[in-house]
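To keep things simple, chains are lettered A, B and C as they appear, and every chain counts its residues starting from 1.
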């Protein structure tokens, strides 16, 4: 285990983030575990509401109130200061909004969102927002920060960055805004970039461009990417490893090829089956997953997927909760079919 | 079975009864618009309490004569500026409210009337007694009052729960009558504002274009003018010899002339928003006439907003009338309203000696608070995107 | 941006025109011929108005001619600085009003300033610490401010001040500074007396603005750019103050303009109750004694003052909201 801890960049174990509402507790993240390797891309896949975004926010400690991390650990390997040894820190244990976690936010772990439109402040220029994060984490002058901003804007493909830097976000197109967002995230050269549905709000052409940009930046900087999406096509293109989430749990994690060609968990299999195929016969029915995602207050007992599982075993699946077990090289599944 | 409030918020059903959630949601889906509004309104405890307070006020409006015990117009210099009498609730261990009679005397040094309670003379307070004659609802002659004393027809022997004013008239009774006028002026004014506001706001929002611009500018101009100097000027111009009723209506008109702008803005906003809605466009496409589109399809969508805005406009009306009458420019004696009653409390010297003259301020404040809460509650309940 | 200011200025001009018409209506409302009552007034003083003077006055004011002619003549006289004679004081109206208009300005501006200074931080606090004790207290006090009519509040405070502290909280000057020429000592005395009237006047507006700021800020706090700011590693105070507050400031600033007419309006009655040396008590007296030129002029001046104030606040709004600066429409 020590050897693995040295290898992974981010190691999440049994993370639990609950939201205490008047009507009850929503267990948005209920036992999530996965590993992320340096320079690799982990795709986190799942339907809406399965807790992907909350996981990302939990890592950075910016879960909206009334959500709180109530358990688990998030081991993150920090970038060593010159000459010093690697240091691993448990992000879940850091005081919320304290100086420790704020030093990591933006500088070592960066986040980009789904909605570039509202992710920038409407009354401040793009440039000022990027300069701000640079000056926050690096000891350089404003003039130098501005130079760096222009540089990073150019790197992500924003044309005429010297003019764009003084524009408001509503003066840029959707694609440009997303690039600016990426520039802001990358400005301090983080080791981990969390991308929460970065292309969902974009049209297909822009989507491809942005994904290509991310791949290129990753090659140049060697940073790891945690890509959160519900689009399996994007995952296939970008990810090296995939973690499938359902109702706040990771049900399967494996390298991307294994997920697509040898899925083990019934949910993963059902997901893949439901993708319409280009070469299928016309008038063939689609294969949706039976049932619907349960109400957050109506969580099923035992395995959360059991009401919809085609291989449901009475007495076992509705009584106990399965845990992640290894079934192959770097491949783990949480299902009683693989005890 | 899940309660309707729970039904509105499907997440409130306990997890071990999955069926309950679905069934409760069903009730929500088939409920009418007014039912939904009612359910949401009920959740606002404060608004519901305010509704009761408002209802209480209007009951007083109806039964002012019944609740008063002293003829509000009869003055009696001997009883000028009496302080409120203390009510003793238990007479020798049993429930029997009474007061001590007041003996008035002129203080030889200050020449002011001073009153002392005479413990020897007890005046018991009776309920449902005979008192001065009045006409209930303006139609039925009656003499029964809620509170009074034995031999109540004799104006000399009576109680003074809230003291008297400069002319010796009982404040409690005058307060009851004042409530009647103050609250009904509010209603009249609001009705007028409503008509003006709905018509002009509707024209503005529905037709848009130059009509809209024109009306918008007019509204903006009116909003930028300080209202009280204008009201004062117009009210002061009313001829002195007009009857109470004429003055009453004139004041109502004057106040509404500037107050319709708020309602017009709400109506216009609603119309503008609704115009673009798909269901309105489809109504037109299906062939509904403009009249039908407006009244059958659009108006029900914002009825609730109008009701809420109207309720919120009432307190402003009441305060306006109270202010004007307080200054002596609005309703004048012998009319009785809260503002007229407060006129006696205009300067600090008078009030320092007889602080009970400020009591009419209390119903004003309570009414304003109650209407505001009620209006807020209605507005929140009516808003489909709220919560 | 210039187009925006231009539009507001044009609207201001129209508003001033509307006010002048309304003031003229007020002047004309009471029955009777102004010149006739002027002659009668002069007679009681023992001075005689010659026929020639009377005739000149009639021409000057256009009496006997259609109403719009009278209006124009009145406007022309105003253009020359002649606002008419006060019947009651038997002096030119401008002399009677004197300092009082400036006092009204001072009190109104003080109330407006107080509104800004109080409403902004309290509104921010209420939104950020929603449902905390401070939030409830602020809501409650704000509610009282909205519910209790300002002149009643003035009355109650006067009473309390008198009976509990034996102090007269009315008036804007201590006795020794009442009619003396201006000096820094007098100015300081004025400032010492301002807080109570300013608070009474501004309370309702403050409560209103707190609600607006709180509601808008709550909306903004939920938006993604706040999460972005936090995810960059900014300290919480910067996250809140630099971003959502800045955005929520716009609707806040744009509504401040409309509290000014309300404050000026309220100052009339409050100054009557508190006995302040502003135009309020003067207006009431003038109306009661049908001294119409005085009354009408006061209404006109109040209106114009308000419009100018609103225009200034509109221009300040441009400074606050960069989006207007860049708009073409």
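As a working rule, a contact is a pair of C-beta atoms (placed from the backbone, for glycine too) under 8 Å apart; a residue touches a chain by one contact, two chains touch by 3 or more.
Nothing here was measured: the structure is a model prediction, and the numbers come from that model.
**Q** Relative to chain B, which chain's C-alpha centre is the most remote?
**A** So the farthest one, by centre of C-alpha atoms, is A.
**Q** Which chain pair shows the largest tally of C-beta contacts?
**A** Counting C-beta pairs in contact per chain pair, the top pair is B-C.
**Q** Can you compute the centre-to-centre distance for chain B and chain C, using the mean CA position of each chain? Integer Å is fine.
**A** Each chain's C-alpha centroid was found; their separation is 27 Å.
**Q** Averaging over Cα atoms per chain, report the distance between chain A and chain C in Å.
**A** 55
**Q** By the touch rule stated above, which residues of chain A touch at least two different other chains?
**A** none
**Q** Which residues of chain B touch chain C in their complex?
**A** My answer: residues 217, 220-230, 232-234, 236-237, 239, 315, 319, 322-323, 326-329, 342, 345-346, 348, 351-352, 355, 358, 361, 364-365, 368-369, 372.
**Q** Under the definition above, what is the set of chain C residues touching chain B in their complex?
**A** 11-12, 14-15, 18-19, 22-23, 26, 29-31, 143, 146-149, 151-152, 155-156, 158-159, 162-163, 168, 170, 258, 261-262, 264-266, 268-269, 272-273, 283-284, 287-288, 290, 295-296, 298-299, 302-303, 306-307, 310
**Q** Can you list the residues on chain C that touch chain A in the complex?
**A** Residues of chain C touching chain A: 222-225, 227-236, 242-243, 246-247, 250, 321-323, 326.
**Q** Along chain A, where are the residues that touch chain C in the complex?
**A** Residues 57, 60, 62, 64, 97, 102-107, 110-111, 113, 115, 118-124, 132-133, 136-137, 168, 184 of chain A touch chain C in their complex.
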